[in-house]
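One chain, chain A, appears in both complexes that follow, with chain B as partner in the first and chain C in the second.
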Partner chain A sequence: MAARYDRAITVFSPDGHLFQVEYAQEAVKKGSTAVGIRGKDIVVLGVEKKSVAKLQEERTVRKICALDEHVCMAFAGLTADARIVINRARVECQSHRLTVEDPVTVEYITRYIFTNRLKYTHNGRRPFGISALIVGFDYDGTPRLYQTDPSGTYHAWKANAIGRSAKTVREFLEKNYTDEAIASDNDAIKLAIKALLEVVQSGGKNIELAVIRRNQPLKSKEIETLVAEIEKEKEEEAEKKKQKKSS
Partner chain B sequence: MEYLIGIQMKHDYDKMFKLSEKILLLCVGEAGDTVQFAEYIQKNVQLYKMRNGYELSPAAAANFTRKNLADYLRSRTPYHVNLLLAGYDEADGPGLYYMDYLSALAKAPFAAHGYGAFLTLSILDRYYRPDLTREEAVDLLKKCLEELNKRFILNLPSFTVRLIDKDGIHDMEKLPIGPK
Partner chain C sequence: MALLDVCGISDWVKEDTFSSQKASVDRVNHFNFAALEPELAVPIGVDPAEFLKPFTDCEDGVEGVTIKLKHGTTTLAFKFQHGVMVAVDSRASAGSYVDTQLFKKVIEINPYLLGTMSGSAADCVYWERLLAKECRIYKLRNKERISVSAASKLLANMVANYRGMGLSMGTMICGWDKKGPGLYYVDDNGLRLSGNMFSTGSGNSYAYGVMDSGYRYDLTVPEAYDLAQRAIFHATHRDAYSGGTVNMYHMQETGWIKVSQEDVGELYHRFAAEKK
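Now for the complex of A and B:
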């Protein structure tokens, strides 16, 4: 059945599916994992860095991009599609500043990206094969995290993950995202790293992290020390459990 | 020289537009054209920074501005603005660029626009040296403003002064060259 209804985006299947959109979501599931966490005064984005070939310059593979000084996004899926989305979003951020004299709110730029992409699902062109996590602070100081997907919808989240093994990471976050877990900035960052370590095999070297603090632009975080701390905490907990068992 | 002269009749109107951390654009001319054009250039310079991760150099920003001015000049909607662009480049040091409404561009050691230019350029010609220190440059600016106070027909109560150096843009206290 799928064979006859999935050639074009403009065709519904008899049971109500738009197969092209669902295939786009499959493309997203192949991308490397990204996780976003909204803290109290900080928003954190973490991505799994795909291992680069030996001769490749690592700097050119950036999965976390600043859209404006107070908004950034990470994506999972087709990198080429993401680049188009990011470029349009950057232009729109400046255009908004020019016409309205105010920086964009995170919701505005997410909605803009989503309406932009909706045009592609309606006009018979293929949908974008990416999901994006868009984080930032509105100018009233509220932190925000939004997720968009290939079907063109967007939702606000407290914490979310996209890409490969997103389900595992999301389950981890559902268990561990509490108000205490994100009480301080460092705690929020550690939670993001812990979530990624669930699915990233080789530890700290393959994780890239970026944080935005209120009124401060995007910073890439040094995670080696934090990962070492987390490993130590894990060991200590394992030790305690062992002692409980033996006593 | 790392400074700009901004002379205004409305004394709370700021004609300097911050293009980036180390570049200022001073825009004078037709009302409305000035703000429209300067804000357009400002946002495009910011967009470059977002896209590429680093800021345009002052020379690049000046040439970009000139190109835009030239394109609009040859359209139905030319902008009637005169510009001074000042910036600090890590490699080349401080630079001042003079642009006028016919989109001429010249890198200059000192510059001025408007009727005040007739009076101040001679002062600058006489006393400018390429190796002025910061204090000497500010003193030279004060000399120019005193000259204007003496000979210029309009009453100009206050001037906004900004300084650009390797640490960015600094506001200096408003120079109190008032009517004597």
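Now for the complex of A and C:
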């Protein structure tokens, strides 16, 4: 009987669902995949780039945005909703610097975004149809990764994925995220690329990557060489397995 | 938040018919530090600053009809190699009448933050208790103590809303946070200064004289205690509006400690005996 309880956000269903929020989560699942990984001295965000039309300028489609020098976020879902969230978050980061004379912690800005969203779900407006991965470094140098979803909750993660095929990517990460796997900065980046290659069709051309290193601003990463390295590693692994089987 | 107002985004938020009717406790306002919605009620229909202008201590004031608010006290604070020294007197005066000799002019906001008071006792006590409330809320929300610069900024922003309306407050916010020892002077005009040495109140010139002649950054702890005590004592000796006892606090990395509370009469005899 979902039809009767899903028109207004302010109405619970008999079995305790807020259907509008769940439908918003469905909107997120249609968005392109994004993956975030928290390393020791680096945080990595990778997103699947949607293929652009021939005449379209590639650079206008940005899914990874800096909120401040030391915090950035990637989102999955409705781009228009994301623009509002990003604008508010950017103003809040500067407002915090003005009032408190310190840069925001990643947890603070995540909490601000979540509180903002809560105002919408509680006041009878439609919820935001995006999930966000917020990464960055705190003032004391600790790397952080948070994920928010349309219901407005947020959690800290070591590595996570959102959007289409998020489940596959998350399973890959659960198997492959170990302390050795993220031992160096390059390893963390490679792990992110490998995770995305699981679900992205045409390889390195459709992946956009950004990293933040401690005390350095956001940088987008050239991934051609890294993808080539990963392909080589994969071939070597396959060769080894073949040899083991034959011997 | 200050910037939110300038950008006009808060107009979107105000559209909520829900939140405009809620009590301040229920409003989701984690992020405005009492500066956006002033805590103190102001008389309606009158612009308080315009109303007070003819009667306050300024150039366009009417001759002979001015409310002169003097900060009748002496307080001082200085940074040195072992932290921050804070010393205050304890006399509360009402005109030429001494109200009490045992007034607490240092408010202990939390184990790592102190605020001194000079000026109107009522204003200082109210605004610093409000600051203490905001500091406690900050700690609960952000799971870490507020920094000294943030606390002093909050106070300055809160008071700046009432500029020209007759507040009288000169305070020093002292503390120790992640960035080390912190000392800020905040007053009723919203002025906020960071520095190594401040003294406020009617007796501040006497205190500055003694402090400046004996101050070095590398004072030892007993030397610093002695310097702070002498500075306040000499101010109370000459300034009619300061007196009572000298309350001394020492802000260390592990928090503040109350060093001593000595009556100025006894100090007089001690210093007089030293001279002989």
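Of note:
Note that the second predicted complex is superposed on the first by the 247 of 247 C-alpha atoms of A that agree within 3 Å, B and C clash if a C-alpha of one lies under 4 Å from a C-alpha of the other, contacts with A are read in each partner's own complex, and residues count from 1 in each chain.
Here is the rule we go by: contacts are C-beta pairs under 8 Å (C-beta built on N, C-alpha and C of every residue); 3 or more make two chains touch, one makes a residue touch a chain.
None of these values were measured; they are calculated from a predicted model.
By the document's definition of touching, neither partner reaches A:Ser51: not chain B, not chain C.
Taking chain A as the reference chain, the count of touched residues is higher for C when chain B and chain C are set side by side. Judged by the touch definition given at the top, the superposed model places A:Tyr112 against chain C, while chain B stays out of reach.
After overlaying the two complexes on the shared chain, residue contacts for A:Asp68 are found with chain B alone; chain C is out of touch. Contact with chain C, but none with chain B, is seen for A:Asp102 once the two complexes are overlaid on the shared chain. In the superposed model, A:Glu92 lies in contact with chain C only, and not with chain B. Residue overlap on chain A between its contacts with chain B in one complex and with chain C in the other: 87, 91, 94-95, 98. Of all residues in chain A, only 87-88, 91-92, 94-96, 98-102, 105, 108, 111-112, 115, 118-119, 122-124, 139-140 touch chain C in the complex they form.
Considering their complex, residues 1-4, 7, 9, 13, 16, 18-19, 28, 30-31, 33, 35, 142, 146-147, 149-150, 153-154, 157, 178 of chain C touch chain A.
Here chain A touches chain B in the complex through residues 66-68, 87, 90-91, 93-95, 97-98, going by the rule given at the top. Residue ranges on chain B touching chain A, taken from their complex, read 39-40, 43-44, 46-47, 50-51.
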